[in-house]
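The letters A, B, C and D name the chains in turn, as written, and every chain counts its residues from 1.
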Amino acid sequence: MNMTMVQAINRTLAQEMERDDRIIILGEDVGRDGGVFRATDGLFEAFGPERVIDTPLAESAIIGASIGMTALGLRPVPEIQFMGFIYPAFNQIISHVARLRNRTRGRFTVPLTIRTPYGAGVKALEHHSESTEALFCQVPGLTVVVPSSPYDAKGLLAASIRSEDPVIFLEPTKLYRAEKQDVPEDPYELPLRRAAVVREGKDLTVVAWGAMIPVARKAAEAAAADGVEIEIIDLRTLCPMDRDTIVASVKRTGRAMVVHEAPKTCGLGAEIAATIGERALLSLNGPVLRVTGHDITVPLPKSEDHYYPGPERVLRAVRQLMEY
Amino acid sequence: MNMTMVQAINRTLAQEMERDDRIIILGEDVGRDGGVFRATDGLFEAFGPERVIDTPLAESAIIGASIGMTALGLRPVPEIQFMGFIYPAFNQIISHVARLRNRTRGRFTVPLTIRTPYGAGVKALEHHSESTEALFCQVPGLTVVVPSSPYDAKGLLAASIRSEDPVIFLEPTKLYRAEKQDVPEDPYELPLRRAAVVREGKDLTVVAWGAMIPVARKAAEAAAADGVEIEIIDLRTLCPMDRDTIVASVKRTGRAMVVHEAPKTCGLGAEIAATIGERALLSLNGPVLRVTGHDITVPLPKSEDHYYPGPERVLRAVRQLMEY
Amino acid sequence: MIERFDPLKGERLQILDEKGSARAGLDPGLSDPELRAMYERMVLTRTVDAKALKLQRQGRFGTYASNLGHEACQVGLASAMTKGDWLFPYFRDLGLYLTLGYPLADHYHFWMGNEAGLRTPDSLNIYPVAIPVGSQIPQSVGAGLAARYRKLPIAVVATFGDGATSEGDFHEGLNMAGVFRTPNVFFCVNNQFAISVPRAKQTAAATIAQKAAAYGFPGVQVDGNDILAVHAAAREALDNARNGKGPTLIEAYTYRMGDHTTSDDSGRYRTKEEVREWERRDPLLRLRLHLEKKGLWDAKLEKELQDRSTELVEKAVAEAEARPPATVEDLFAYTYAEMPPDLAAQLEDHKAFLGEAAR
Amino acid sequence: MIERFDPLKGERLQILDEKGSARAGLDPGLSDPELRAMYERMVLTRTVDAKALKLQRQGRFGTYASNLGHEACQVGLASAMTKGDWLFPYFRDLGLYLTLGYPLADHYHFWMGNEAGLRTPDSLNIYPVAIPVGSQIPQSVGAGLAARYRKLPIAVVATFGDGATSEGDFHEGLNMAGVFRTPNVFFCVNNQFAISVPRAKQTAAATIAQKAAAYGFPGVQVDGNDILAVHAAAREALDNARNGKGPTLIEAYTYRMGDHTTSDDSGRYRTKEEVREWERRDPLLRLRLHLEKKGLWDAKLEKELQDRSTELVEKAVAEAEARPPATVEDLFAYTYAEMPPDLAAQLEDHKAFLGEAAR
């Protein structure tokens, strides 16, 4: 069926809840309102207020309560309304979600999936454009997943919900309704911890995820017109990272670039560049470039375009690297 | 005068408070108790309860209130009792401390200095060994400073307190009383944003900070016995980072290594390695190695030594790199 | 007066009834010009709000949070504040901004998507809009501590919604204020909703005001559609703050008459009847009836006021829209006091990119 | 009974006076064996605690948080819990652990610095020690929601100190519990200090119990050195939770007789006289006097109990110390359900390093 990413997410949530009655959704406005992006639309009516819980406005309690649910064998799927509002829950996530398995040597695990819209490009108010995924990638125990299409969203969300590990599932706001895609009705999983080569090319590897995948694709098409064949890796799971796929590609192409919308410094691009430097140094024909947001706060709507990496900025870096 | 790092910090706080009555200390147990590490010992008696404030047990309010104080022109120096307990304040730090200057185009600034003990190596309970400095380094607007000696602690803390930007001042618990050093009585500043070459060498550059400096020094002495001369850069200000000093050194030595106690993935080592790859690729005789904590939670005391990078692990990496 | 209305006993301060009659013995005794000025401010607020909604529909504004129905809360509170007092606002505080003198064009400029609009004029003590719910509350307490330390005879006000009372920051802030008896007034606009979540699902406490019991200072619930009640309670609380008598929590009981923001569709979670029921209690109507009863208002004055307000609004829109856009430098210049070399390099590179793209 | 003691009126539930006499009409009617078992548990708790302090001084233990004075709170609460109930503890809950059957050697093992000691036996519903203050509270509420969803007739207990009540998590958790009327019991051990900060500087509320007013459910203050009062209030609150009557906040008013932890020196912030004053109210003494009054206890039984407790403790220490240290694999194996290749590589590398170092 043809559907948008937000519809694919909605469908997946419904199917997973039908399959497994341990799954509980909770968050702000997820119930009667169906979520501010309608990701949980209809679930309250279908599954009732005990499984689709409109919580008070309290992010730390949303995640804390989700943890407590796992103690009794449930598999909560809390929603944080925007990634910019996940910080009040940071202590619960970093101190407990990520660590309870280790702390108790496996007695208590935390199989929850925290869903949250993320990323810029939709001209929103401050705090509604965050992409601080690298904060979570440096916390041992967490898994961070980002889909870049409706099809991937369905398969990755199902896999996240079924995972025994806690997952931060980041949904690129910009892609929620950007395209429709044919998405199978039957449930399916896409493997976590595995990157996908979504475009093959021999000259240069671009590593990206989420809303930067369409940007990279556009740049790749333009580059192809210049005779440069770009290979695009959609990371899908940001951590634990599929370094082998990245390294193998760069060994083939000899050139690498990371595109992400987070600020450059200490963004995930740093880890990817460092990994390539560690494992493919001798294959490199030039530095690993990072095309990213600037090291500033995402500007308000009028100036957002100056921040957000677009195909032109990627293409420019491609040219710089090819000429290196 | 000969003093430990914690004494140097205490002295600096006293002197800065004498110099500038806009400076206010607040936090848990900083008053009558003088702080759990005695960093604020005697200040309550000297400056009274309006300037050395024992707060309720509420980290978000400690930082939030500090922000509010800056609105009225004060320059608070809040203490978070351990870095592991800074996460409840994460929203105040990332959403406000870092951004108010930009949000108001310079009308409201946040000249505060958040002090917190950090790092492992002292066989503590869980959450008392955190070194998540890279979380803060990826937030535009923050400055992160770490001293590695009593002398540096005094000069860097004074500079941090006098800075117009918000500073996260991380005090390596392991070094609080590790050594005594001659520290001038008169106040002085060491420049922020500037790294220090604390040992010169021609063969290999080690970038480190805080408690890893003594570790790197020990390794360097052992390496010298093998005929390898290591240059050690003490980063001092982790962000904004003094990349020029790093790059210049690596261009000279041709080999680079980062040593930090945080887990490897997305630690600050990634940013340093990425920077070196970007700016000194052609000078490199081998990959930039990262000798770091493992990607696990810091273990409890009985097993902490397995986590913490020691001179032997550094030395081993030095040998690997020299043989590359 | 505040102490006379105990929220734990279900008491709520109301001075004006729905017909516009003031309850004897409670009337704060405002002068005629003061009353008229308040009404004018309320009408202006509503005009500014309606225009903002229109601009948003036309794509000339970003997402916007309507203010409809909150005029009495905002103008009642702001008119009790005096010069020197500080405001730590939330995102639905238009009437406060206007009453305290925030330039309307600046306010529009912000909602049009330019940070420059959040650069409070130096003469005003207004912190920027706090979007992370509740985060302004502990900040206001720090300002209260600072005011006391500096021996300033001022009060510090934080405003927030009913939803905000569930956040940890509400609790940590009020608790700290209680401990240090800071000169704070915590003003909760209980408009019955946090987006779609009704007040009854936000907390099981019968009132928000009674939460003050947890912090050792008084709380009072007032009719938030009754500007005299709001003003009277605010004035007393502000006086107490300024006079070292510690903080107060005021719950203004009102209703969010519009959608949460322009992205919201409140028809999904509440009935038209409920909204209509509250239209009867419109805060503007109530003060207008009161003014009419006192012979201070008529249709002609109303028409003149509407025209004047519209004119002011049109001028401000024109001014805001005529302002030049932010420069690229603006976006980079305020991250640090002094731009670090890396960031300067990013700025240069971006300018180079723009230059190339322009070619 | 809980509703009969209103914290807002300054009422506190006490059943045993300092001489060990029980107040008629309130006595929870425990059987003689039950009373004796409680006393035995209290003495064991104290013996375990004293040994821990000794081991710490000898360097055989890490930093340790003494439990002295909290025995009535802990044993009184735990003895009211029934199989199936859950505990979300904090870091000063020894008597709860012991009464609920947590293996003492495991507990020692944890404080000796090995995570294996936090691996709760599968038969026990005890979450691990929460060190970030207050963070266990919202977790316990989630467990309460889960219990209700699963239709389990159980209660969920969270324990915490007076200091914890200032944290946002306390507020968010209790507020959520109120909204959903979860089967929770919130048990605050008000021991008058959070490290050095006295209770009066922690909150301006006259009692902690009255904070329940903010959440729409009952709160009660009990004498925390009176095991009968603790037990009676806990039993009622637990019953209410199990029977769908919603949550309760219990404040156990007691005193931290020791230092905060072995790293603390409480002489810096409180007087010896104050401590001595509380020694008179020792919870063990009070129950022992009560037992003696009832003819259930004498010096001989006391001697036997002391000996038995010491023996148990020595055995547990020996067992904990005899356990093999964590393997390197243990440190890596529990970060994820399945070890990622990177981490496996780190583990292999570390083993290689250890191998080289051993050579």
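For the reader, a short list of remarks on this structure follows.
Convention: contacts are C-beta pairs under 8 Å (C-beta built on N, C-alpha and C of every residue); 3 or more make two chains touch, one makes a residue touch a chain.
What you are looking at is a predicted structure, and each value in this text was computed from that prediction instead of being measured.
Chain centre most remote from that of chain C: D (centre = mean of CA atoms).
Chain pair with the larger contact count among A-D and A-C is A-D, by C-beta pairs in contact. Note on chain placement: the centre of chain A and the centre of chain B lie 30 Å apart, centres being C-alpha means. If each chain is reduced to the centroid of its CA atoms, chain A and chain D end up 40 Å from each other.
Work out the mean CA point of chain C and of chain D, and you get 44 Å between them. Rounded to whole angstrom, the centroid-to-centroid distance between chain A and chain C, based on C-alpha atoms, equals 36 Å. Residue positions 115, 132, 166-169, 172, 175-176, 179, 201-203, 330, 335, 342-343 of chain D each touch two or more of the other chains. Counting only residues that touch two or more partner chains, chain B has 56, 58, 60-61, 84, 87-88, 91, 95, 102-103, 126-127, 140-141, 241, 265, 295-297. Listed in rising order, the residues of chain C touching chain B in the complex are 86, 88, 115-116, 118-120, 122, 125, 127-128, 130, 132, 135, 137-150, 152, 156, 168-169, 172-173, 175-176, 179-180, 330, 333-337, 340-343. Contacts from chain B toward chain D in the complex involve residues 28-29, 31-34, 36, 54, 56-61, 84-85, 87-88, 123-127, 264-265, 294-297, 299-304, 306-307, 312-313, 316.
Chain contact summary for the complex, chain D toward chain C: residues 8, 165-172, 175-176, 178-179, 181, 201-206, 210-211, 213-217.
Residues of chain B touching chain A in their complex: 60, 84, 87-88, 90-91, 94-95, 98-99, 102-103, 126-127, 132, 134-135, 137-138, 140-141, 239, 241, 262-263, 265-271, 273-274, 276-279, 281, 284, 286-290, 295-297.
Chain C contributes residues 62-63, 110, 112-115, 131-134, 163-164, 166-169, 194-197, 201-203, 263-264, 268-269, 325-326, 328, 330-332, 335, 342-343, 346-347, 350, 353, 356-357 to its touches with chain A in the complex.
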